[in-house]
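Next come two complexes, and both contain chain A; in the first it sits with chain B, in the second with chain C.
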Partner chain A sequence: MIDMSEILQLSPYGLPKEEKQKLFTERLCGLTTYHKEHCAAYGNVLDGLQIDVDKVQTYEELPFLPVQLFKTHALKSVDDEEVFKTMTSSGTTGQAVSKIYLDRKTSANQQKVLVKIVSEFTGKSRLPMLIIDSPSVVKDRKMFSARGAGILGFSIFASDRQYVLNDDMQLDLEAVQKFLQKHNGEKILLFGFTFMIWQHFYKELLKNPNCIDLRNAILIHGGGWKKLANEAVSPEEFRERLKSVCGLSDIHDYYGMVEQTGSIYMQCECGHLHTSIFSDVIMRRMKDFSVCDIGEKGVIQVLSLIPESYPGHSILTEDEGVLLGEDDCPCGRKGKYFEVLGRIKNAEVRGCSDTYGQ
Partner chain B sequence: MQKSGGAVIPMDNKDIVYLFGARQVQPAPREIFDEEVCDFLGKLSEELRADVRAKQYTDILTFAFFIRRANLKLMKERYADAAYMIGKGTVFHIAPSNVPINFAYSWVFGLLSGNANIVRVSMKDFIQVRIICDAVDRLILDEQYRWVEQENAVVMYDHAKKELTDLFSAQCQVRLIWGGDHTIEMIRQSKLPPRSTEITFADRYSFALMDAKAVLDSSEQEMSRLAANFYNDTYLMDQNACSTPHMICWIGEGEQYRKAQKRFWEHISKEAERYTLEDIKASEKFTTLCSYLMELDTKQTDRYQNLLYVISLNKLPENITKLRGKYGLFFQKEFQNVQDTLVHLNDTRVQTCVIYGVDEKEIKKEVIHMHMLGIDRVVPIGKSLDIDLNWDGYDMIRGLSRKIG
Partner chain C sequence: MSNLEKYTKIFTESFEVDAEKAKTLKYQDVEAWDSIGHMDLIASLEDEFDIMMEADDIIDFNSFEKGIEIMTKYGIDMNA
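And now, the complex of A and B:
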């Protein structure tokens, strides 16, 4: 199996379809076999689904685990002593959260991949960074929540850091202004979660528009649109409104999940989410898991070349998406580009038991 | 304000929606299968069958067929030797929120056993509930059915309003709770008067018992009918009703098992093509499949697209009632004979045994012979959802009436 260190030498958006396919088939078949041998539960699923990795022609034929399983089962391919940290998804109280077990190697590769991908957008040098969150989310270093992990992961791009919110989630405008003054003339990196930015940053700035100038800044944000969709805020409106209150115009959403940290899907200048050479997406028809055509809505399968300490290299999400094209985005980057449409919608379930209360 | 049995009854509480019936139900116990009651139900059957809105709802039509005069007569005959049986008073029904038609059957049980009824239906406001209540509303304009309105009410209220559940519970002689373990637990927080009783429909487990040879001997036509019947028992309710089988136990020998299974599931997979598997259900179903594959000792899994999954087990887990499929996910296992099968199903949670090619009486006798805690029903494939006066191990008429001794 080709090692990550070799893949890390390549340009993140440089491989055309055929070459990427070859790389993915080799590495992902290798990972599938590896996890089958090192994670009994995963091996049971493969046996049960009667999958013979040796017969796989392309990585599209490889099995995927439903994302929910990471919430209900402790899935790892390393001994407990090698678990260097455990990451959890950001579920609301009472909800089960995913638990992802990382050893040093997988954790380091996540970081390296993130750097390769993000520096394509921010440039090679580190930037002064404003974190649109409160410092309290990263306090417990043993258990990383998705938010905390995101912040720590992106902090590697920072030459200097400032949290924008205090522990009570209040905007600390004075600190931000001081930070901007200190780095006057430098390009600023802003990072945060979409809903936090809207709720605690944009809405506060709206009370005092143009009190800060972020025309020379780049914002990277993730975490999904569900909460903003509830407030009827579209991605376009999000961008326009942010620009109107602080001049910010270089804004990049990203799609990613704690189950595949590092190999995130960045949004390009054309507004498309991109796969890099470290990750891929396949839209699936839920009738039979066949592969959707370009432009056809399906459920998103995410693939990452990174995971070695847990069997999370091929996961079926609960998100719907649509593939827009491959290798031909006007931004010039190779790879698939796509759109995420949101969660699969809930259905009415029949039966005797009152699962839904009313 | 009016006083009744010590409880203060608000005559018109704005938190309660009355779909029809009295603000204060007046109990006037009647003999079981009372003539006036049967006449009214027969009339309601005609009214529903003539209702243009009802025509598109097969569940309403099935219900209308259930309460047709001829069937009421048949049911009454089953109680021919039961003399001096009279209703207990008022029955408070808690209907489930995901089977729209169920409230109507529950109500009919209350009526046929001679009771006044308060039926709580789901806030989901199902169209089927409306259609039936509207039909009743039309009938009670007629002077001869005025009593229906005085002795019955169908109500809707926010389930969080425990004080209303308290209120109705305090007035009833029997409380009938559908909706499974969780609902029962919630409703039981409201007290019942000392003499009042309760019938609860808890979470149950059902399975199928099939004879491999019978499947192999069946004609193609019979197989198609069998597949349609099995579909109705399972997919029709998302495989989520308490009487829906999850586990298919095969009786046979040698090569018969494999051949019969193949034939059976191929027919089912064709039948399942009419099932609407929404994306979220496919996702949940695949997750369930993978979870079971992680935890169970499985021999083989057959997948017919995502419409049908069949997990063949090597070994049964300790608690067989944990083997629950959904949206068309089944387990199967081979057994020597009936006894050898039933040994693994001795659990109070086991409700319906759905059979094919096996003698119904033999199973019932074995349940007694083997001193079993479970199995309350034995029915042929296709009848698992058919509701009857004997349901879930209860004789509804006897459970809701009293005997003057």
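And now, the complex of A and C:
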């Protein structure tokens, strides 16, 4: 099986369809066999499905685990002593949370892949970073929420850091202005969760428009749109309104989940979410899980080349999406590009920014 | 103070260990060297030696030993 260290040498958006298919079939078949041998529960699932990995022609034929399974079962392919970090998904009280077991290698590869992907948008050098959240979100160092884990993951891109909200979730405008003054002329990285940005950043800036100038900044945000959909705010409106209060125009949403940390799907300049060479999506029909055509709505299966310490390389999410095309996005990046439509009906409601109760 | 002494001091102060223990320390060996402690360590080293590390080096910086190798890469003479 090809090692991650080799894959990390490749350009994140450089492989055309046939080459990516070859890489994915090789590595994902390898991971499937590996996890079958190292995780008894996963092996049982595969035995039940009667899948012979040696006969698989393309990775589309490989089995996928429903994301729910990570909430009900402790799935890991390493000994307990090797587990060095356990990540949990967001989930409000009463909901089951996913538990993801990481060893040193898988954890480091998650970080490295994140760096490779995000650098394609932010550039190679680390930037002064404004974190649109409160420092209290990472206060409990033993137990991070998905929000805290996201902030820590992205902190690697920061040459200097400033939290934008205080512990009471109030915008600390003075601190932000001071930080911007200190880094005058430098490109600024902003990071946060979509709903937090809207509720605690945009709405506050609206009271005092153009009190800060973020024309030379890039915003990366994630966590889902459900809460904003409730407020009838569309992605387009989100972007336009942010631009109107602080000049911010370089805005990128991303799609990702704790079950496959690192290999996130970044939104390009054309507004499309992109697969990199580290991950892929397959839209599947609800009725028989066959593969959807381009433009056809389906359940999103996510595939990642990273997971070695847990069998999470092929997962069926509870989200619906549409594949828009492959290798031909006007932004020039290779790979599939797609849109996420939201949760499938009756699925458990979940999402990073949604865990923040009001 | 030599560069190695400055480097060691940042470890002993960041993670509240003595110099002997610092020399064999690995990421996550002590509670203080978790992911937050790691970013603070990097910030202290960058301040002290006036360098800016690449993200990949921050990830690879997983022990006292490995850190010396990385500092050398940034032109810090750890024997001086």
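In this text, the second predicted complex is superposed on the first by the 346 of 358 C-alpha atoms of A that agree within 3 Å, B and C clash if a C-alpha of one lies under 4 Å from a C-alpha of the other, contacts with A are read in each partner's own complex, and residues count from 1 in each chain.
The rule is short, and it goes like this: contacts are C-beta pairs under 8 Å (C-beta built on N, C-alpha and C of every residue); 3 or more make two chains touch, one makes a residue touch a chain.
Owing to the predicted nature of the structure, the values given are computational and were not obtained by experimental measurement.
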| item | value |
| --- | --- |
| Which of chain B and chain C A:Leu152 touches, first, second, both or neither | second |
| Of chain C and chain B, partner touching more chain A residues | B |
| First (chain B), second (chain C), both or neither touched by A:Arg104 | second |
| First, second, both or neither for A:Gln199, with chain B first and chain C second | neither |
| Chain B versus chain C as contact partner of A:Pro66, first or second or both or neither | first |
| Partner chain in contact with A:Ser119 - chain B first, chain C second, else both or neither | second |
| Chain B versus chain C as contact partner of A:Asp288, first or second or both or neither | first |
| Interface residues, chain B side, partner chain A - complex | 96-99, 122-124, 158-159, 178-183, 201, 203-204, 236-238, 240-244, 277-283, 286-287, 289-294, 298, 300-301, 303, 305-307, 311 |
| List of chain A residues in touch with chain B within their complex | 41-42, 44-45, 47-50, 65-66, 68-69, 72-73, 286-289, 299, 316, 318, 320, 344-358 |
| Residues on chain C engaged by chain A in the complex (per definition of touch) | 27-28, 31, 34-36, 39, 52-56, 58-60, 62 |
| Chain A - residues contacting chain C, complex | 84-85, 104, 108, 111-112, 115, 119, 124-126, 138, 141, 152, 155-159, 161 |
